[in-house]
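Each chain gets a letter, A, B, C, D and E, in the order it is written, and its residues are counted from 1.
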């Protein structure tokens, strides 16, 4: 890794630095250069941050994190780094990033270090490069893969939930020394994220101030995007099987024997337990019920109650009150079973999905 | 990784060092500087340690460890490192950490090295930085992710257990050379730990002396915090299904045939075995029974006994003593089944949860 | 790793550079050397890229990526790097890659850095080497293992699908500075890929322009190959068991009791749910139905309908209209059951496999 | 990692070197210094090795390895490394380990390199440090985590087995150049290993000679310890469920119908297959039977024989010889079933556990 | 890792180089030194390669690779590296491997770099060392762990298959520059491989020429060894359970009811599907049938046919032709069932195991 990168990354296209810094601004910086050094409260360094996510390698909702391949772009202008292009014969110097840092250290100026606030794993840098224009304009680009915390997951509407994902770049220097602004044209989500389960969109950059490593307020630029799920999976693996099993169970109740019904409902009970465990394998151990949990638990309880109801009916029949049992039964079969299940779903939709 | 860090970490905000060291203390140090070098038994180096856990990336109770993203803060004042700010023209020198170590080595003073006592994996450093104030005040900050041993797990009250988690920073130098004090204002747990299963709180710093790498007593500052579980998961995945299955089993006993009961109880027996294995998959292979194990094992044994009891009843009936069988049966069904299960739970609550 | 590589990789066979650069071209370059430096819009650097995949270590269709061991070959001629072979006494200088980069940096010329566009993991370099011929001809070879995104997966025809895999090498310099051409004779797939599930073939190099790290159009050379699956696995694990279970189910319908049929069909219903989940474990959570999903879901629904149909028949019989029930039954058993299943498969083949 | 370590590890407490080297020995070494260099067959270097295991991070009996966090301590005295403490003004020089190696290389003396013979994974060093006393006494300490082969596993008595774990430190230099002796006071197992399944004890250091990397006899110091299992897990997950299922099966045989028995025994057959697979998931694919395997296989075969026996009885009854069947049956139920199972367990205990 | 290795690996026992180079050969080399440099077509460098596998950490037949801890030994004599032992006062110089490479680069000679052809993962070097004798004899030793491709797996005879494993060391230099010869006395398999499932033996070194990284013919030395499986695992987990289930199924057919038989055979059908999936979990998704697949599939089909046959018999009986049914039945039960299964196994043994 290291050998290779030292070989090939040392040189970055001169075009990397061919960004448009307005002459006027550059002029201002050059003027101010005589007064106070940049990166101080009197003359804070203004840094542009671009965050483009090229790939989503995974979304692990149990661990509440996601993997990404990201291109970070950091731009700033530091007159202290300016050089005489006549003397060098070139407009641009291309640096191996550590070499630029060494150069800056020598001349006593700052490099706007950052940390990714919600980084969770090691960050594997695929490639990084830095270029410096004669007027002190620096462009640093880095492509890397890492895992990021996604602590904003809220599964209450699962699987109809919408989740928010963050990618937070925080300055190591406090805000009074280094300020951040977003570079929107080099930010956002790529075209081929390679994620099948989630529909990811609504990407935006947000700037804010957070407590940084130094313990003081530091600038943060965050790429925030949202995801909701393709529902086909849940329809064909969960909802359709459950609907068919419940419908068939209902049909079987039209065969009159209580004994048989009890067996069928007992089988359903075990199926619900199996579904319950299968779904929980996809989620963290939550402190609340999801929409799907609520529906499953209510149906489970209702199926248990149906068995007890049928046992009672059978005892009525055995004790000679078969007509009363049959009347109760017709009522229950024709109305309670379907309406009960529908009511559970209806209430769950109202309480979980419609209420914000 | 390396390239990037050498580039951007070399420079740390001057604010990193803008901590409040009381002038008087600084004065003392400057005075003592003439006498004996710091970091010796005559003049031990006093080091402040701050530990802030930003993320809990995982809690693996089977392996008894947890993953964390942590910000470590190390502060000390070493007059030998002081410099003339007039000459340098700046109050603060910012160092790439290895460069500070090299500098200290050259002038023959110590850097207070530490080791994380319960570290289990490699430590991936996201970012680190060091700054030095003109009076010798050093601030080292490091953000990293790692896995830590959590050997204090005790599952006896599982899933109602409270566990203790440690993060132990131990000095490599013995206590007589380097002493530690906690920095409480930069320590504790972050706001977005990203952990769903555990409620983590009660974080506190504790200072103590342990046997260090050198084989001698060394100072330790530990961040200790506690966790207990959200119970919703256990209620809807374990307790509710068990309660429903047992209740339904009880209802079915009111249908009089012994044969059927035996089948139902036999099915329950297998369900208990399945629960038993499912729960054991979440825990290490313990040398003792947890609350949940105890309840499940007792219910399992009682269900086995119920089957034998029903076989006996049926043999009574077959051998013509049906009325005796029926009497015994009523007694067992109406009292022993529910009261037996309740007694098991009651005893378990008393013996496991209430007794400290 | 590092030590070893620094030891053994420093030296690369002189033969590495013994490639055929046409004398005329070399002459042109030498001429142009006097005018403008290479690697500029006036005189872009032409680079040859060879991509040979030696091993496919894994194909993870759930994560939509694949692992590969790849040999990359980069060739270019830069007159600025030429040296006097008389003076050195050798035609070839062999470089440790970072040393070549340092050398190029010193004399102020560029090294054509690249990035692998769909790289997903860290890249572990097994070995890398660079050689330089007296006329400025450079050959860089690198063997490495990495994981690559395969976002073009389309499972609609699963398991009869054909997928496309890419390996994309993108220049870090914009196209106007560095242009790429493929080296076909050193590219393609190896003979012992070590992949059992997929039949991989149709490898080809494609050149295009994409937006590079710099944000400008950059040249890309991609190795593209295709894979389709050995079907034996799916035949013996899925299609044959399903065919046998359905056939046996059909045979059992010739035993006349409706009650027994309902049990059998109910069992099949659960088997379909199990198959459904087992197959979903092999695929990502898709937003569409695959061929296999479609077939399974339709059969599942039809089996559910069969149960309801049998319940209706039994009610007919119970209510005294047995002959009508029997007539309906013969019709259904003899025609609807087998033809229905055949129609499902036929429609699925038409809609999923034949329609492009 | 690297940055941090270079920063903080450069300096190790002077106390690290404050070990008691007897003055006489030191004197001898100083004397012999004038004759022959140390680390030669005439004057082999004597090195002390201490191995303390702080944590057991995992025991993977399937892969036959274990993970450990270990503190290694290496001590030796090399007069060639001695320095004039008056001149330096200090008794101790603290080295960053690579710096010590460089220093030794410069003055042409050896550093006693070692390799961990049964190391299996990479070794992640948490911290390492070296100190040198004025008389040439060196102390090297290293804390690291790694995975170690445990090839001595023998599962014949599983789960009542006792296993041996090794940690083997081998000299890279042959015995005639460098000899090892154990440092018992800094060796052994820590207090909080964090391992729940195994009871680990009986740790001891053993010195021996093995064939080293050089192909010649080299000294080895090994920490050897033993582990046996907490049995609670196996009692409540395996033995108790099996005992209850077998007892219930026996009770059910007192209900006279052969048909029912066959069903019950058939169910048990499948339960044994399930147990068989569940237990095999915990073990490697062995070339021999464990105690538990033997018991399960015999019970499985016996249950199969019971079914055949019941089929025969039923055919006897059907063919009119019911009384003979009944007699055989009583004999089998009352004696063969319980005694057969007991005999299996008894023989297994004798053949597997008692015979050494 | 790095720090440690730089510290302790710099020095390798002088004995490492104490290998027997015949004086005559050395003489020749010294003579030829005056003519042409070594490592050229006129005077190719002859390199000895030793490969000893100390541990097999895993055999992953699904991914078709294996993990190993290996000791590589590389020996060669390059007169250009010779030195004057009088001047140095020593016969042997011990090098940190990168330092040797640097030294060789300075004096303009080659170091025989190699690559492991079937390496799949990163290679973690536990330890490496190099020594140089006064006459130019170099010995390089390296102990490392890595994962290697094993693409020669052929599962047709599974689980009675014999597989071939390779460890291939290929020269980076073409054969005309560097030639390889095997060092048999330092090669082979260790005594404690730590692999339980496979019996590994028949290790041998083979020399050949393959296309190297340079695209030209390069020398390869490969350690090749073979493995076959302990069969106990397959007997007690697969063959014995299947034999018992089939035997019991056969016994049950002697109870005359067709209805019951259909249920039993239906249960067996599901057991075969479960076995089918369980076995497929251990193998990659192959494009052909293994011995075990063939046996299971045939038995599955035959069991399906048996059910259909019993349905036909029952219809015969229902339609009044019971005696014909009974005759057919006796024939089938007594002959077809056992002989059919035996024939399947016999044919499979002949077609899969005996035919080469």
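Going forward, contacts are C-beta pairs under 8 Å (C-beta built on N, C-alpha and C of every residue); 3 or more make two chains touch, one makes a residue touch a chain.
Computed from a predicted model, the values in this text were never measured in an experiment.
Asker: Any chains in contact with both chain A and chain E?
Answerer: Both chain A and chain E are touched by C, going by the contact rule given at the top.
Asker: Count how many hops through touching chains it takes, at the least, to reach chain D starting from chain C.
Answerer: When the steps are counted carefully, the minimum from chain C to chain D is 2.
Asker: Figure out the least number of contact steps between chain B and chain C, where 1 means they touch directly.
Answerer: Steps on the shortest route: 2.
Asker: Return the distance between the CA-based centres of chain A and chain D, expressed in whole Å.
Answerer: The answer is 41 Å.
Asker: Whole-Å distance, chain A centre to chain B centre, using C-alpha means?
Answerer: Centres of chain A and chain B (C-alpha means) sit 25 Å apart.
Asker: Quick one: which residues in chain C touch 2 or more of the other chains?
Answerer: 2, 6, 9, 96, 124
Asker: Are the chains arranged, by touching, as a line, ring, star, complete graph, or other?
Answerer: ring
Asker: Under the touch definition up top, go round the ring from chain A by way of chain B and list the chains.
Answerer: In ring order, starting at chain A and going to chain B first, we get A, B, D, E, C.
Asker: In their complex, what parts of chain B are in touch with chain D?
Answerer: So the residues of chain B in touch with chain D come to 2, 5-6, 9, 40, 63-65, 96-98, 100-102, 104-105, 108, 110-116, 118-125, 128, 130, 140, 142, 149-153, 171-174, 176-178, 213-216, 259, 262, 266, 269-270, 273, 276-277, 280, 284-289, 293, 297, 300-301, 304, 307-308, 311, 314-315.
Asker: Which positions of chain D touch chain B when the two form their complex?
Answerer: That would be residues 1-4, 6-16, 18, 55, 57-58, 69, 71, 73, 90, 94, 96, 124, 126-127, 129, 141, 143, 145, 185-186, 192-194, 196-197, 199, 229-233, 236-237, 240-241, 244-245, 247-248, 251-252, 254-255, 264, 267, 271, 278 of chain D.
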